[in-house]
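Structures incoming, each one as structure tokens.
Both of the next two complexes hold subunit A, though its partner changes from subunit B to subunit C.
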Partner chain A sequence: MIRYTIRRLLMLIPILIAVSLVVYFIVDLAPGDVVDVIAPDDASPEDKELLREMMGLNDPFIIRYARYMQGLMRGDLGKSYVNNRDVFEVYFSRLPNTLLLALAGAFVAVLIAVPLGVVSAMHRGSWKDAISMIFGLLGLSMPNFWLGLLLIIFFSLKLGLFPSYGSEGWSSIVLPAITVGTAQAALVMRTTRSSMLEVVRQDYLRTARAKGVPERTVIYKHALRNALIPIVTVMGTQLGVSLGGAVFTETVFAWPGVGRLVVDAINSRDIPMVTGCLILTTMLASFLILLVDIAYAFIDPRIKARYTK
Partner chain B sequence: MNSKGMTDLVLKIENLVVHYETEDGIVEAVNGIDLQLERKRVLGLVGETGAGKTTTALAILNLVPDPPGVIKSGRIIVNGKDILNQDIKELERIRGKDVSMIFQDPMTSLNPVFTVGEQIAESIMLHEEVSKREAYERARELLELVGIPQDRADEYPHQFSGGMKQRALIAIALACRPKLLIADEPTTALDVTIQAQVLEVMAEIKEKYETSMIMITHDLGIVAETCDMVAVMYAGKIVEQGTLKDVFNNTKHPYTEGLFNCIPKINDRKAELIPIPGLMPDPTNLSRGCAFAPRCSYVMKECHERPVELKRINDTHMVACHAYDIQDFHIRRRVGKR
Partner chain C sequence: MPIIQNETDKKAVIKRYKRRSMWAEVWRNFKKSKGAMTGIIILIVVLSACTIGEFIYDYHEDIVKQSFDQRLLRPSWKHPFGTDQYGRDIFARILYGGRYSFSVGVVAVIISFSIGTTLGIVAGYYGGVIENIIMRITDVFASIPSVLLAIAITAAFGQSLLVLMFAVGVVGVPAFCRVARASVMTVVGQEYVEAAHAAGAKNWQVLIRHIVPNSMAPIIVQCTLRVAQAIITASGLSFLGLGVPTPSPEWGGMLSDGRAYIRDYSYMTMFPGLAIMITVLAINLIGDGLRDAMDPKLKR
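Our next item is the complex of A and B:
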């Protein structure tokens, strides 16, 4: 198990290098550069050219990338082109907000979706199933920003229950969390449902019933535990995606998370900021996936046996 | 019979009818059967695949899958309790404690994510006031009892062989010393050599725990070895029943005779096997008459038209066949006595 973990962590190194190269290259490819953004409006073309020369932006791609990698090897993610702030620090000042939103969203998803999926599967074809499936369809197809706006109109403007923007106090996270959680919930619900439908036919549930296990325990202990692998996979993937930030939701609710940080950085062609943020996001997401894979081993002993081989 | 009273009966089934109401039609799986089983006796329930044996067994636990299964009518008394009229809580107390069941396929009948010990212990904890540790300790002892080393209680089903899985299932079923054990083709999925071992374990424990048993099988050899009583099932009905001796030495029903004719004989290997011609009738479309008539070599005109009922041959022996309305009717046993 430990050896497996170490091997997985080592595999992360080439992935991170590849991510840095691709991101650096693509942002560099985009038309325009950071100087157009940060130079004052009245700057002459000559002034701009001078600024480029000073920032080393005129060097060939290879040279610039090599310089960046040099820093990266020392664990230095560089400084923002725009405001000269340390990329690492800026990222981690935003991360708690993103984590909070991601976890709250996942919490909403799990709280609603898993029971809903189970009920849906157990009463397949009934009105309960139909309602769950409609929710699943709506949740998946409704755009985030639209749901966010609906929630704001109803719960903050009409009812005044929750603030419509910002990140102060626990109440301000409710609406963004519901917005992020709904789409996730829909996916988790559908996964739970189909996974449970696979499991409810299994012979071992009959064995459990025959020894007198109460129906609730049959479903939530014997069946759900076996249906958990796909559910955990989907939740892990969703959480990984949320770590990159929820751009629309963050925008609608003025939530200062990583998503908008990256989008703003892209818009201002702030290459070190974009590349650094994405490297860190990739690392976090990879840890998360590793955690999910380790969770598999605890859910299913047959998988554990495979890891330790 | 009546003088003994109900108390000596572990199981009494009256007029049990079970249908599966599927989209393709109504499967008439069990069509009015009566069965009784006295304490410490073993009843062999015999018949081809699709005869309704498993459905009957599931009905005894009130576990017929619903939908599509529906128990249309009948009464089932297990250990004095009216199974079909209990609330769910009471049923959960009865299952595993008064009656438990070993299922046909050991490969898929254990939960892959719990250790074997946990699965045995769960049964004990459900029915008895014991701590988790005590229950687990007893689970280990039970494993030993079915011939598996105690240490292996901590292992998962995938670490067990087929024969060991079936023994573990026997341990689960017997964990709370049920009054009645139903074994649904417990050896069909196993290698021949393992079959004998499993049967031996079952016989031993049955003796030790004084459990009554229903042995479901299509193997007459197993019936001969393990059973006191035999009921032969065909298309959801019992066509012949009696003591082992009645049914084996004084076979009455042409279907039972057909079953004997299609098993190899130990002392006459050259004897040719005669399979019963034809197939079991479509259970969604049963005729009014005898369901075996289309395959029966003694068939008469009225067999197709008039419903058959069980008739008494002697105190213990009953057969459902119109031919016995005729004086001096005998079936022809093909090769000498087995």
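Our next item is the complex of A and C:
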């Protein structure tokens, strides 16, 4: 098990290095000269050229990338062009907000989706099933930035129940969490349903019922537990996705997380900030997916047996 | 007594056992799905509305011209969806804006499909080193959260419809590559492929005649579902101000306009979002129907 984890971690290293190269390359293509932005208005062309030389902007791409990677190893991603703050520090000061939102969203998703998926599978073909499926389709088809705006219109402007933006107090996370959670809920619900349908055909459920185990226990203990693997997979990958997707929710609700940070950095052409945010978020998402893979082993002894072989 | 007694019986038997092509079979299953047919009808309605809009509205007169005496009018008979902050009719803009969503959705998927499927088929068929290289590159692109990758690409190449198509297309490549590879791998092991090789067919002949046609089903399903996804991503980028530049009436961009007036003129955010959702819903319904029709085993 430990060997498997270590091997997976080692496999991640070349991928993350390649990711940093790709991201650095793409962002490097962005037009605009930073020196024009940061130099004072009365700077002469010679001064600007000198500044460029000092910042190493005239070096070939490979040299600049190597320098960047050297910094990355030490946790130094450069400083923001806009406010000269350390990219690494700013990113990690914003990250807790995004993680909080992602977890709250996942919580909402599980709360809605798992019971709905179970009911849907247990009453397959009934009106309950139809309603759950329609909910699932609507959730998948609704852009979540629009859902966020709708929630603002109804719950904060019309009813005045929750604040429409910011991150002060517990009530301000409710609407963003529902926004993040709904799209995930749709996916999780569909997965729960199909996974449960797979499980309910198994003999051990018939055995449990024949033994006189109450139906509730049969469903939630015997069936759901065995249907959990695909559900955890979807939840895990969604957690990774919600790190990137947070861009929309955080924009709608002015939530001070890393998604908002990326959008602001793009709009102000803050190259080091954009590059740093993209690389760090990718790293984080990859680690999350790895964690999910390892988490399987705890849910399912069969998988653990395969890894330890 | 023979089972077939007269001509009518004979015809019925022939009709029943006539060989149906795969596509006829798929269509037969597809027609039976209520959801899929609903999706088709909605899509036809939306598409024809957008096409009609094309003819009755003039881009300069009705779509982008600002008339300040008409600004922020609530929905009425004259302006069914109201007017925006520049006095432009939202209904006309939504109909006209459909072209952006549909074209980005379709072109982006064509890009992801052609790159991703080719790579996936090659990886799945040849295996070995080639497969390893292709799949590792795919891993790299798949591990960057797709929205962020698309944002970075639009930031690098500037704002335009073409860049938007390209960005959303690139983001979809890894998914196609994986689906195509997995699908080809299940076909490669089949006996008819071995038979074709034994009969002396060349690699490319086997690929084109046997492997590609037989591994298409999951890829086609992927295409439909991806168009839906691409429309959402594209409108999201426009919402962030990174997609189709203003004043073009892209649905996501219109939502972003409406945001500033959300307190008093919430209809401005209602209708563009509704347009995105209905369109995406229709495509998702079709995709689900196709999946069930192509592989009855998958039907849950």
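The rule we apply is simple: the second predicted complex is superposed on the first by the 283 of 309 C-alpha atoms of A that agree within 3 Å, B and C clash if a C-alpha of one lies under 4 Å from a C-alpha of the other, contacts with A are read in each partner's own complex, and residues count from 1 in each chain.
Assume contacts are C-beta pairs under 8 Å (C-beta built on N, C-alpha and C of every residue); 3 or more make two chains touch, one makes a residue touch a chain.
These figures come from a predicted structure and were not determined experimentally.
After superposition on subunit A, the partners subunit B and subunit C are seen to fit next to each other with no clash. In the overlay built on the shared chain, the residue A:213 is in contact with subunit B alone; subunit C does not reach it. Draw one line from the C-alpha centre of subunit A to that of subunit B and another to that of subunit C; the angle between them is 80°, to the nearest 10. When the shared chain is aligned, subunit C comes close enough to touch A:138, but subunit B does not. For subunit A, the partner touching the most residues, choosing from subunit B and subunit C, is C.
When the two structures are aligned on the shared chain, A:222 is found in touch with subunit B, with no touch to subunit C.
Looking at the shared chain after the overlay, A:56 reaches neither subunit B nor subunit C.
When the shared chain is aligned, subunit B comes close enough to touch A:301, but subunit C does not. Of the two partner chains, subunit C is the only one touched by A:267; subunit B is not. Of all Cα pairs spanning subunit B and subunit C in the superposition, the closest are 15 Å apart.
Across the two superposed structures, the residue set of subunit A contacted by subunit B and also by subunit C is empty.
Those residues of subunit C that touch subunit A in the complex are listed here as 136-137, 139-141, 143-149, 151-153, 155-158, 228, 232, 235-236, 239-242, 252, 255, 258-259, 262-263, 266, 269-270, 272-273, 276-277, 280-281, 284-285, 288, 300.
Subunit B meets subunit A in the complex at residues 61, 63, 88, 92-97, 100-101, 103, 105, 108-115, 122-123, 126-127, 156, 158, 169, 172-173, 175. Residues of subunit A that touch subunit C in their complex: 14-16, 18-19, 22-23, 26-31, 137-138, 140-143, 145-146, 149-150, 152-153, 157, 193-194, 197, 240-241, 243-245, 247-248, 251-252, 262-263, 266-267, 274, 277-278, 281-282, 285-286.
Residues of subunit A touching subunit B in their complex: 202-204, 206-215, 222, 225-226, 299-302, 305.
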